[in-house]
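Multiple structures follow.
Paired with chain B in one complex and with chain C in the other, chain A is shared by the two complexes that follow.
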Partner chain A sequence: MEKLKDALDFSDFSSAERIGLIIFSIFLLVFPWLGAGSFVKAVMIQFLLFSLFGMGWNTIGGYGGQVELGKAQYVGIGAYTVALLMVWWGIPFWISMPIGVLIAIGYSFIIGYPLFRLKGHYFCIATICTSLVLQDIFTNWKLVGAAKGIELPIHEHPDFLYMQFKSDNYYYYFIMVLFYCALFYMNWFRKSKLGYQLRMIKDDDEAAESLGIDIRWCKIKAYSIASAFVAVGGGFMAVYNLYIDPVSVMDLDLSIKIALMAMLGGAGSLWGPIIGAAFLVPLDRFLGSWLGGHKGLIGVDFMIYAALIMVVSAYQPRGIWGIIEQFRGKGK
Partner chain B sequence: MAFLEIKDVIKDFGGLVANSNVSFQIEEGEIIGLIGPNGAGKTTLFNCIVGYYSPDSGKVLYKGNNITGLKPFQTNQAGIGRTFQIMKVTTGMTVVENVMVGAFCRTDSRHQAREEAFEILRFLGMEGMGEQYINELPIAMQRKVGMARALATKPQLLMLDEVASGLNHTETDEMVVLLKRLNTEKNITLFLIEHIMEMVMAVSQRVIVLDGGIKIAEGLPQDIVKNENVIKAYLGEKYAKSH
Partner chain C sequence: MEILIDALLQGILMGLLFALVALGLNVIFGVMDIVNFAHGEFLMLGMYTAYFTSLFIGVDPLFALPVSALTGVLLGLASYYWFIKYLLRGPAIAQLFGTFGLMLFLRYLAQFLFGIDYRILQKGIIIGKSFSVGPFIFDATKLAAGALSLIAFAIVYFFLNKTKVGKALQATSLNKEAASYMGIKTDNMNALAWAIGGGTVGVAGGLLINFYYVYPTVGLLFVMIAFACVALGGFGSIKGVFFAGLLVGILEMVFPVFGQLVGSDFLGPHFKFTIVYLAYFVIVVFRPQGLFGWKN
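== the complex of A and B ==
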């Protein structure tokens, strides 16, 4: 019960933050009726999805301070489990998604155990490598569709068992519910014992060890939580796109985006990943569609994208949320 | 059975012998000072006991249990707390959050951890500083935060690494009082590395002297200041004569 109370309790935030959250929630709730086109709706779904990914990454990357660039492998595990179980045995989403999450957690323990012998840059490189290896395996593994990927069989719409819908509104509300589950979980997590211990590890790992904290075990736990989060998102991607391949769900590009959005928004804060996703997902999409199509301007969108990231991170390493707090005179 | 027993501990950093056959015992409830010139191997010995280093040979027994080679978090859970000579000045957590992390060693409840943290801050006379960040505090207070979070893990043996260095005269006196209160009111056995002689003499019941990694003397503070080896190695003729 205390956990649930902690998860729903935002009272330690300033009133401005709480009002912001309420307005934002109302906006999310009514958004599908605001008459936005399908492109804007798709961008919103992407935004919520990447917020979910970012919040997961934030456990190990933000609170734990471990720069982790291998989250795509867990997106892949979540997505492939849902897709394959449906194609092979017709298992509904509500069973296959939890299975995918469990596989992701199990896999994260196996990978995490040796991985967390490493620190700093070496850890970061190792996370990239493990993700690339898994992507390579899936690219060449005939049984799981290899490089061609997997198409999910189309069901009658709407199908709540397999989560297949014609209208994006259904997907929108579904990912919104997942988004709020993640938000409440993270609100609890940051106040939990593990949350405090991770922040201590980030601040001063020697001191953390002297305070009875098993650093490696803490990191593995946080890494598994992060993996579970992104596996849920991966499962959603499978039923939303109805087609997955190793590039769309396991690419390094995806890992980097997840980490980048959380870092740019403000790693180690509850709002950071959401702000980062709200900033980068539309930027990425709109710049891509406006500039990417013009002759002679191909690649300019990426340049603007990269320049913005550099400007923000040079100005305030704690990201956009760090800049906001700086202006409010909070946190040094 | 001694409370803490160090048996022939050797730590060799590839030719540089930091601890050479160091042996001594600490009884429960004592306040022991560990002194020696710079590079005598004091902090290394601390690290060997707590587990940041594993001794090359020798044994560390705590309440009769062999804790040699255990990890720092394991020795902490067994009841040994320590502070560091240099506090990392970080901006990520407030003072009370730092102390709460210590309290989380013994409890899973955030409310209990927070209560315990404030109780310890009160004990140390730091009530008003809970919501400040470590970098906003003077050095003396930063060290006290280190002490507070170690205390929050409820140690039975507290090892303090130069807790009084950089303190002025009044602050040193206050620290002496505080350490004695910890010893009597909380029943914590104290083992401290110290440079300030006045403080070691005022607070310690027994003093162990290291020089060049070797234990050169052990005894009552008043005897230590008269010990010839110690005078040669550390105190200097001047100090010995003036006392």
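== the complex of A and C ==
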């Protein structure tokens, strides 16, 4: 009960932030009735999904300060579990998704234990390596569809057991609920013991160790929380797209996008990943569809992406939220 | 047995090239403690440079080597002075992301400029030629790549160990502060490290284009191999990276052949780079300082 109260308690934020959150929530709630086209709706779903991913990454990457570029492997685990259980045994989404999350958590403990002997770039490259290894395996493993991927069996619409709907509105509200669960969890997390420990480790790991914090164990816990978040999103991706292959759910580009959105918005703050996703997802989708019409402009959207990463990392490593806080600091 | 020895010899030739690619990465890491994710993209641009030089001017790709070396040096210097310098003010997390951004930027710049086609050179003095020694057949291109990589590596090794500037560079990588008290300008040494890093990888690109396709995302594979070499040899160790390159080259060639002999599908050529990634993971976890490393 105490935890729930903590999770719903936003009183330590400024009133501007709280009003912003309320306006934003109302907007999210009424959005499907605003008469937006299906493309805009798809963008909104993507935005909520990537916010979820970003908030997950934020536990280890933002609060813990460990640059993690292997989150796509957990998206893949979540998505493949849901898809395979559905194809093989017709197991409903509500059972297969938690199984996927459990597998992701178990796998993250196995991988995390050796991984967190490492720090900095060693850690970062090692996370890329593990993700690439898993992707290689899934690309060549015939049992799970290899490079062709898996198509989910179509059920009659609307089907709440298998989460298959014709209308995007259902998906929208479902991912919105997940988004709020994540937001409240993160709000609790940042005030929890683990949250404080992680920030201490990020600032000065030797001091943290001298205070008796088990650094490695803390990082592993945060890592598996992040993995669980991402696996939920992966399960959602499977039922939403109805088709998955190693490139769409396990690619390095996906890992980069996840980390980048949190980084750009402001790693280590509650709003950071949401702001980052709100900025980058529409940019990505609209720019992509606009540039897709011009044949000579392949890759320009990613160039803009990359230029953004470069500018942010050189001038304001704390991201957009850092810039906002900077301005507010001057206003006082 | 012959097939294994053949793979071993081929692996050594590839390994010499891998060592040259990893050398630049390791010099930059040693001096600045920065992992350059864009290293593979430097290689890719070196390949494109040699490709277009020989296609449009009509010189043989081997003679385009100086051009791609120069491109590499300029690329390294430009990256350092226009971008990496600014990253140094920020925290380590920003440095990681910064070079990552540089990597993506160069990759998609190449995609924008050259398209996503796979390109390979058809004409050249040594392209398509091969000769046999006993039962073994060598491609002239790979032999030239191995030999010239070895020469380039030796030149850099000599430069680092025998010249005054090279020694200054090594001093900086051992202890930045102490070196700066001796009057060695850290900024200049950083720039030099990037010039060497870009130059060597440019040469490697010029050699690789003789027998390998070039496409905008070719860099990722090679940068991962280079990371494995650097981890295996030890971050910051020049000698280590040479032997590590050889070892990775042999591993990458012998492994699929071994799988063939055993008849197992799971050891097939699809997984030859998976082994490299796994090797990196195992090495850094169990022996973070590498085989010859001194940095922790």
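One rule holds for everything that comes next: the second predicted complex is superposed on the first by the 329 of 332 C-alpha atoms of A that agree within 3 Å, B and C clash if a C-alpha of one lies under 4 Å from a C-alpha of the other, contacts with A are read in each partner's own complex, and residues count from 1 in each chain.
The working rule: a residue touches a chain if its C-beta (ideal position, glycine included) is under 8 Å from a C-beta of that chain, and two chains touch if they have at least 3 such contacts.
Since this is a predicted model, take the numbers as computed values, not measurements.
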| item | value |
| --- | --- |
| Contacts of A:20 with chain B and chain C, given as first, second, both or neither | neither |
| Which partner, chain B or chain C, touches more chain A residues | C |
| Which superposed partner A:191 touches (first chain B, second chain C, both, neither) | first |
| Chain B versus chain C as contact partner of A:90, first or second or both or neither | neither |
| Partner chain A, residues of chain B touching it in the complex | 50, 52, 71-73, 76-77, 81-82, 84, 88, 90-93, 97-98, 100-102, 104-106, 108-111, 113, 133, 135-136, 146, 149-150, 152-153 |
| Partner chain C, residues of chain A touching it in the complex | 65, 67, 69, 114-115, 117-118, 120-122, 124-126, 128-130, 132-133, 136-137, 139-140, 252, 256, 259-260, 263, 267, 297-300, 302-303, 305-310, 312-315, 317 |
| Touching residues (chain side chain C, partner chain A) in the complex | 35, 83, 86-87, 90-98, 100-105, 107-109, 111-112, 115-116, 216, 220, 224, 227, 231, 268, 270-271, 273-274, 277-278, 280-281, 284-285, 288 |
| For the chain A and chain B complex, residues of the former touching the latter | 2, 6, 191-193, 196-197, 199-200, 202-204, 206-215, 268, 331-332 |
